[in-house]
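Shared between the two complexes below is subunit A, which has subunit B as its partner in the first and subunit C in the second.
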Partner chain A sequence: MDEGTVLPVLVCFRLLLAVLPLPGQHILKHDHQINSPLTSYLRLKEGLWMLDNNVDPYMGGSFHHSPLLLSVFSTILPPIPIIWAVSDAVGAWALLRIWRARQGLSLHRATTSTAESLIVSAYILNPYLLFPSLALSTSTFENSFTLLTLMFASEGKPSSALLAIAFTINLSPYSILLLLPILMLLVTSPASQLASPRPFHGSINRIASLFGEFMLYWLVLVGAACIIADGSWSWMKASWGASLTLPDLTPNPGLWWYFFTEMFDHFRPFFLMVFSVHLVIYILPVCIKFQHDPLYAAFLLIGVLGTFKAYLTLADPGLFLSMISLFPEVHGYLRHPIVTTLLHLHAALLLPLQHILWVSEGRGNANFYYAASLVMGMAGGAGLVDACWAGMRIALGDVKVESEGKGQVARWEVARWEVAQE
Partner chain B sequence: MLLIPIPLLSQGTYIDENALQPAQVNTYWNWGDVHTADLHMYQLDGIVDRNLTSEQRAEFFRMEFSKLGLAASTQNYTFTTSKGTISGNNAYAVMSSPRAAGTEAMVISASWLSTAGHGALNVRGISTVLSLAAFLKDYSLWAKDIIFVISDDYLHGMHAWLNAYHGTIPSNLHTDPLEHISGVIWTALNIDYSGHSFSHLGVFHEGLNGRLPNQDLINSFRFISHYTGGLPMTVYDHLEPADLVDRWSEWSVLPSWTPAFIRRSPQLQQYEYRARNVVRHIGYQARGMCSGVHGLFHQFRIDAITIFAVPAKGPHGFHALGKIVESTLRTMNNLLERLHASFFFYILTSPGTFLKIGMFLPSAILVSVAMLFKGLGEWVDAGWVREVSEVSLKGTGSLEKEPKTKDTWRNRRRPMLSVLITMVATHVLGVLVFNLLCSRRFDENRSFFVPAILAAVSMIPPALLPLLPKNTPEVAPSSVLLKSSNLCLASTVISIMSLLNFSLAAMLALTMGVPLATSSRSSSMTTSLLRYAAYCILAWGWLVLLPEEVESAIWNWEVLGVWFAPFVCIVYAPLVMQAGIVCLQGSS
Partner chain C sequence: MLRASVWISLAYLLTPSLSLENYKEDLRVQPLRDGRVSTAFSFVTVLDGVVPRNPTALEQPDESQHYALFPLTLGQILREYAITELHLTLNAGKWNYDDWGHPLEASVRTGAELWAWMGASEVTTVDERWSGLRNALSGLFCASLGSLDSRRTTSPVVAFPLSGSTPPFAQHELRHASLPSENVCTENLTPFLKLLPCKSRAGLAALLNPQKVFDADWHGMGVHVIWKEGTGVELKLTLQAVFNPARSSAGKRRDWSLQSLFDRSIERSCPVASSSSVSVVLPEEVNYQITPQIAHVEGSAIYDLSSSSNSTIPSNIAMHWPSEHSFQYPMPPLQPLTPLSVKRTLHGTTQTRGVLSVSITNNSPQEISAGYLEIIPALLTLWMHTLEVETNSEIRSDLLSDLKYQPPSRQPNGHLSPSMVQAVLTIPPKSTLKISVEVNKAFLKYTEHPPDAMRGWELPGAVFFPLPQSANNISSSYDWEMIYTPTLLVDLPTPDFSMPYNVIILSCTLMTLIFGSFFNLLTRKWVVVEIKE
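Let's look at the complex of A and B:
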């Protein structure tokens, strides 16, 4: 196949999947691995229905989506599968643009290389991203907005980038972790500095003014959301609060739900605080260590979210895995890529299996599924630690030849197809 | 795995659910009811003599139930398979509970054919159900509806009935919706009494696709059979060594020339008895087959067992069986929630002892982990190549110049793309073969297709092999990479499968463990081809060697939805073929 046609072909394939009546879509929509209460399509439909019937969707405690999604789908468009396909295409396109910006290539080149087609297919064909998107989970939009933010930031378009991150944070408040690396990225360059670390050279004052701009956009969006939600603040507690207070303990592949199911109620606020602060703790160390390459810092923080966030779905580690393809220079320094791959393979097989054993067959119990989600946590952790290691190790100089870069990309990508085969 | 039958590893069974209260009630089943059962039996004998059709039989059962004042009906069904259609008629009746709203139910069933095989008819089992229907409706104890089902043939009758009851009618089954419906079925007993009288009651518990019922059901039944009925329970129809003091030598597999002290050793007899149970269990579970009609219930989360009256000259008959079934129903009636407390993963080594999952799972997992490490080892090996260069070392003090070799380790690329294409191709081949096996044409020209498939699957890989890129010194040889990924994938399959169906995982560990780990390239072409042929036979040889197994596995897949056949074609055989390709690649 000609290299230049990969993106259009894959996008057509994705659109075709959206249009065709696939068997099993009903099962996907109910699957706990790819839908959390915060991203589930069924809950979105419920919220829209309540809005149509003049009931406040945020009253009942079952609806946690952002008012922005509610307004888009109730006024402009109905939630049809095509939108998810388009969102996937936008995500892949954004990933490609980030790659070009990082490599210092022209943004509108006609020709594409093998690496670029691999990047595109790594996003569109990644099963962790494809299945949530087929299940119409709104995590697809969160991922696309995250990538758009990174794309604008890499291309040095501050206003667009800040608006995009304001949207992302509105959809999923955890994305606030990415704010600092994105501000840093805006005042420096996206080019790879991993091999030659140096102190941060951007202007701090500029960061402050950019932060002010971000606050402006964000407040405007909050205001808009309040107007959409009939001037009440209740949506904030229902949608953002859900990530912090964990009202719904539906099982998911993450590490929170089981812990809080087992906990006595009087410890709950304390541990909620600990779990949330635990995520925030990573921002500064990662940003200080990788101050020379804020894009890599953002990538690592996405990995942190993909392992430890509340209401984790497979789409979150999926974004991290797909982004690995952006950094071919570190691939040679990964210590245990095959172990991570095997862990992901096991987790991807064990999660649905244990879920079936517990929920539909009744032979297992919650501990079975939790064990599988621990494997998932180990897979996420292994990938994250390895990426951290490789990002720092590369600065010490080379054990492996530079020309390996491409081969390693190929190896990594195809190794992940094993996951795709399940 | 050989350790599994050792008595020391097993532990005693116990009842975990306190609500069950087995054998705590006075039973009312009496000789009058035995007489009813006898009368039913004479009527049934008449039916057998008159050779009535399945429809007339079902109509007769429906009439019998209606005479008792129960809501009774019949169900006609037709399965379409690649070998033609199968049809039959079931009869069933619902007795609504006098004490509750009918949201929960239990089932007593009997099939027309018996588990015993050889066309044995379950006449006495059906008479028991009919007379129990007459007997049970006189009591107001029941908190759950009782459904009596007399299913046609052996398995497919009950399968059609259960699917119609739960509204999950597959596309190849044609049947009308049931006329009478009750609540959620929790537990079921299937009665199989084909002989004249019996000495022991055997329990069959394996279900479709390796599912097992909750152990509490079996344990309660054992209690009741012992204390209420006064007769021992056995696992399957295997009698314990203690029951066969003088006849054990007929059962034993030990040849008669072994010294008597070995043959009579109680430990060895125990071991042999337990091993026999374990082997039978694995035989059912690994193939995903059910050991009786009860096995069809498990897929709907209904805990069910078959009570098999082990044929003997005496001393027990309807009286003991009726009492035990009545008492078991009373115990099942006590349930407040679904059985969940006890074990779902176990191996019953003897009536009173079982193996917990923690005791038997390691045997398969160890093999799988070993394969995983072997695969990882191959992966690491593939990444490094040893370069031997001769350097002359000039020793300062020594006179002779001794050429010494210097080893340098250089790493090389490991291109995975061609390996992954090979692996995907073998699995696609498996899918194609499976579709062919399930087609009608295969069934018609079996003698032509079997050798043709075998030739095709063994010829295609060598024919396509030259298409793959050639090995160059800079990159790792693809055979090593293929072996590594093959081992890793096989290990994943085994460890995942061990949770779903332990016996199948154990069988996979046996058939794939050593062969996959020892696959290697060989310098001579002949050896490679011989090895490849051996792997081909291991992967697809069953097509020729076990035609009956193939037929029954496909029937099980088409009618009962047992995924053993697709699993072997799509997962097992391709994995072994990949090991075969490893041997070929080395030689080319």
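Let's look at the complex of A and C:
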């Protein structure tokens, strides 16, 4: 196949999947691995039904989607599968543009390389992303918006990027983790600096003014959401509050649900705080360590979200895994890629299996699925540590020096546990 | 015993006539077509000229309460929480409408059901008084009514309207809750009997032998307090039981007598009862014998037991079918006795979701409009967008109108209130209407599960009720009353109850492992060292 046709062919394939009546789609829509209460299509439909029947969707405990999605699907478009296919195509296209910006290639090149076909395939054919999209989970939109944000930021379009991140945060408040690397990316370049670390050279004042611009967009969107939700603030508690207070303990591949199912009631608020703050802790260290390459910092933070966020679905680690294809320079330095791959395979097989054994077959109990979600956590963590290692290891390059005198090859290795004393 | 009744009579005579009190008791026995015998006791005390307490004046001291016949313990609760109307029922078993017809007392919901109309007040809110009422009644009747909290409470005003008059002093509000898993037993009957003026020593209540009543196929008791303008406060204590003589008799015969049903007899009448009677509804067939013989009035034989009447108390009332060797159950198909027959089921094989389906059959040759009320605890989430109404295998959304849906809302104490669906169904003659809606089952915290979590949760039955006559004009020949569907068992997914510590330890270990490895990488300085061999 000609490499230039990969994107169109894959997009056609994805559109075909959307229009064909696939068997098992009903099962996908109910699956806990790919739908969380925050992204489930059923809940979106229920919210639309309540809106049609003059019931406040945010009054009940079942609807957690953003009012923006609600207004789009209730006025402009009905929620039809083709929208999810288009969103996937936009995501793949954005990933491609990020790649071109990072490689310093022309944005509108006619020819396409093998790497680019690989990037597009890694997004559209990634099962962690394809299945949620087929199940019409709104995590597809969150991922596409995240990629659009990174695309605009890489191409140096501040307003578009800030508007896109404001949308992303409105849909999924945890995306606030990505705000700092995106601001840094806007004032520096997306080109790979991993091999040659240097201090941050962007202008801090510019970051402050960009942050002001972001706040403006964000407040406008919050205001719009309030107007859509009939001038009340209740949507904030139902939609953003759900990520912080975990009112729905539906199982998912993440670490929160079983922990808070089994938590003693009087410790619940404390651990909710700990789990939320834990996510925020990563922002500064990652941004400081990777100040020379903010795109890589954003990539690592997406990995953190894909491991630790509340109401995790497979679409979150899926985005991280697909984005690995953007950074071919680090592939050679991954610390234990085989272990990570095997952990992911292991988790991907165990999760649906143990879930069925627990809730459908009744032969297992909740601990079976919990064990599978721990494996998923291990896989996510291993991927994260791997990527972090490779991103720093590349700076040292391949050190192989032939020693003089004895004619023997002395092996030089990178010391892992050497503590920096300064 | 004799002394007690003398004292009661004396007390009755000497009571200052602040309010006139009147006590009536009545037992209705009806042989059913499936060989069972339905018995319904009702004990009515009327406080003449008394008005329910005005809730806006709760701060001021209440007028003193002098009762001769009315139970003081219940009266105090009604005054303390300013209750205008109160209905409490405790039932066990499933009322079989098709074979037994409508019960004499319509409230036959399985388990406990409590609903009260209260005037709104700024002194104490309705919800505060509702909580007080629940706890007071649960103490009085030894029932777990205290658990009828905000997770169970709703306000379905259309299905449960005020049965008496509306007092003029305040805007009235309804609180309704039901607990299907409540088990009704002897400990509930004893306090119930204590509310009667003659206890179980004389009159009809002497028949109430707990060993027999709670052995019945269906049994239930009710307390109904209503206020009628012009009459006063009426307290009606009811007890219904459906016995199965064919099951308990050796020869599988359906013959019954009061002695065989209750293993007790009425020795003397209650001296304070202004009327006391036993009426036996006579079957349509003719091959029976009833003793003692008495003139029939409108298809039933009525025995007057009151002390004022001249007739002697019949020691036993019995009915025989002499020509019948053993009872033969009528062969199906049988025409149901009620115009509507309802079946409600929860389908689905997994513990995470299912389909709630209700099928309502109209047995009459006329179209029937029925109110439909579904109160679902937040254990189940209804997907209202999947609601389908179907008859004769075609979708007929027009048959369901006036749909009102109230999703579960989070209460100040963090609990979710039940969701409530209310609609008007139009059921075409001689056909079946099927309603189905998909449901999701909740995942609860491990502390929210009951100790026997694997048993599942009882889902309260749905209610079908006739609409007020102004809304539709159904001829009286198809008159019907409120219908409760049986409860359903919901199989909820359970977490492991034995390992909260293990989960906390394992999850935290994983998080610290990843956190540790990640920050270990970030905080180290990278240098190249030579490895000496």
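Following the convention adopted for this analysis, the second predicted complex is superposed on the first by the 398 of 422 C-alpha atoms of A that agree within 3 Å, B and C clash if a C-alpha of one lies under 4 Å from a C-alpha of the other, contacts with A are read in each partner's own complex, and residues count from 1 in each chain.
The rule is simple: a contact is a pair of C-beta atoms (placed from the backbone, for glycine too) under 8 Å apart; a residue touches a chain by one contact, two chains touch by 3 or more.
Model, not experiment: these values are computed from the prediction.
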- [ ] With the two complexes superposed on chain A, say which partner A:155 touches: subunit B (first), subunit C (second), both, or neither.
- [x] neither
Open item on the list: Which partner chains sit in contact with A:345 here, subunit B, subunit C, both or neither? Use first/second/both/neither.
Closed with: first
- [ ] Have a look and say if subunit B or subunit C is in touch with more residues of subunit A.
- [x] C
TODO: Could you look at A:362 and tell me whether it touches subunit B, subunit C, both or neither (first, second, both, neither)?
DONE: both
- [ ] Check subunit A for residues that touch subunit B in one structure and subunit C in the other, and list them.
- [x] 360, 362, 410-411, 414-415, 417-418, 421
Task: subunit C partner contacts - residues on subunit A that touch it in the complex - done: 30, 32, 42, 45-46, 48-50, 53, 55, 59-62, 247-251, 255, 257-265, 278, 282, 285-286, 289, 307-308, 358-360, 362, 365-367, 370, 374, 377-378, 380-381, 384-385, 388-389, 392-393, 395-396, 399, 410-422
Open item on the list: Which residues of subunit B touch subunit A once you look at their complex with the stated criterion?
Closed with: 211-212, 301, 338, 340, 344-345, 372, 376, 379, 411, 413-417, 420, 423-424, 427, 485, 488-489, 492, 495-496, 499-500
Task: Contacting residues of subunit A [partner subunit B, same complex] - done: 338-339, 342, 345-346, 349-350, 353-354, 357, 360-364, 400, 404, 407-408, 410-411, 414-415, 417-418, 421
Open item on the list: For a test of understanding, state which residues of subunit C touch subunit A in their complex under the given definition.
Closed with: 349-353, 378, 381, 383-385, 403, 405-410, 416, 419, 440, 443-447, 493-496, 499-500, 503-504, 506-507, 510-511, 513-515, 517-519, 521-531, 533
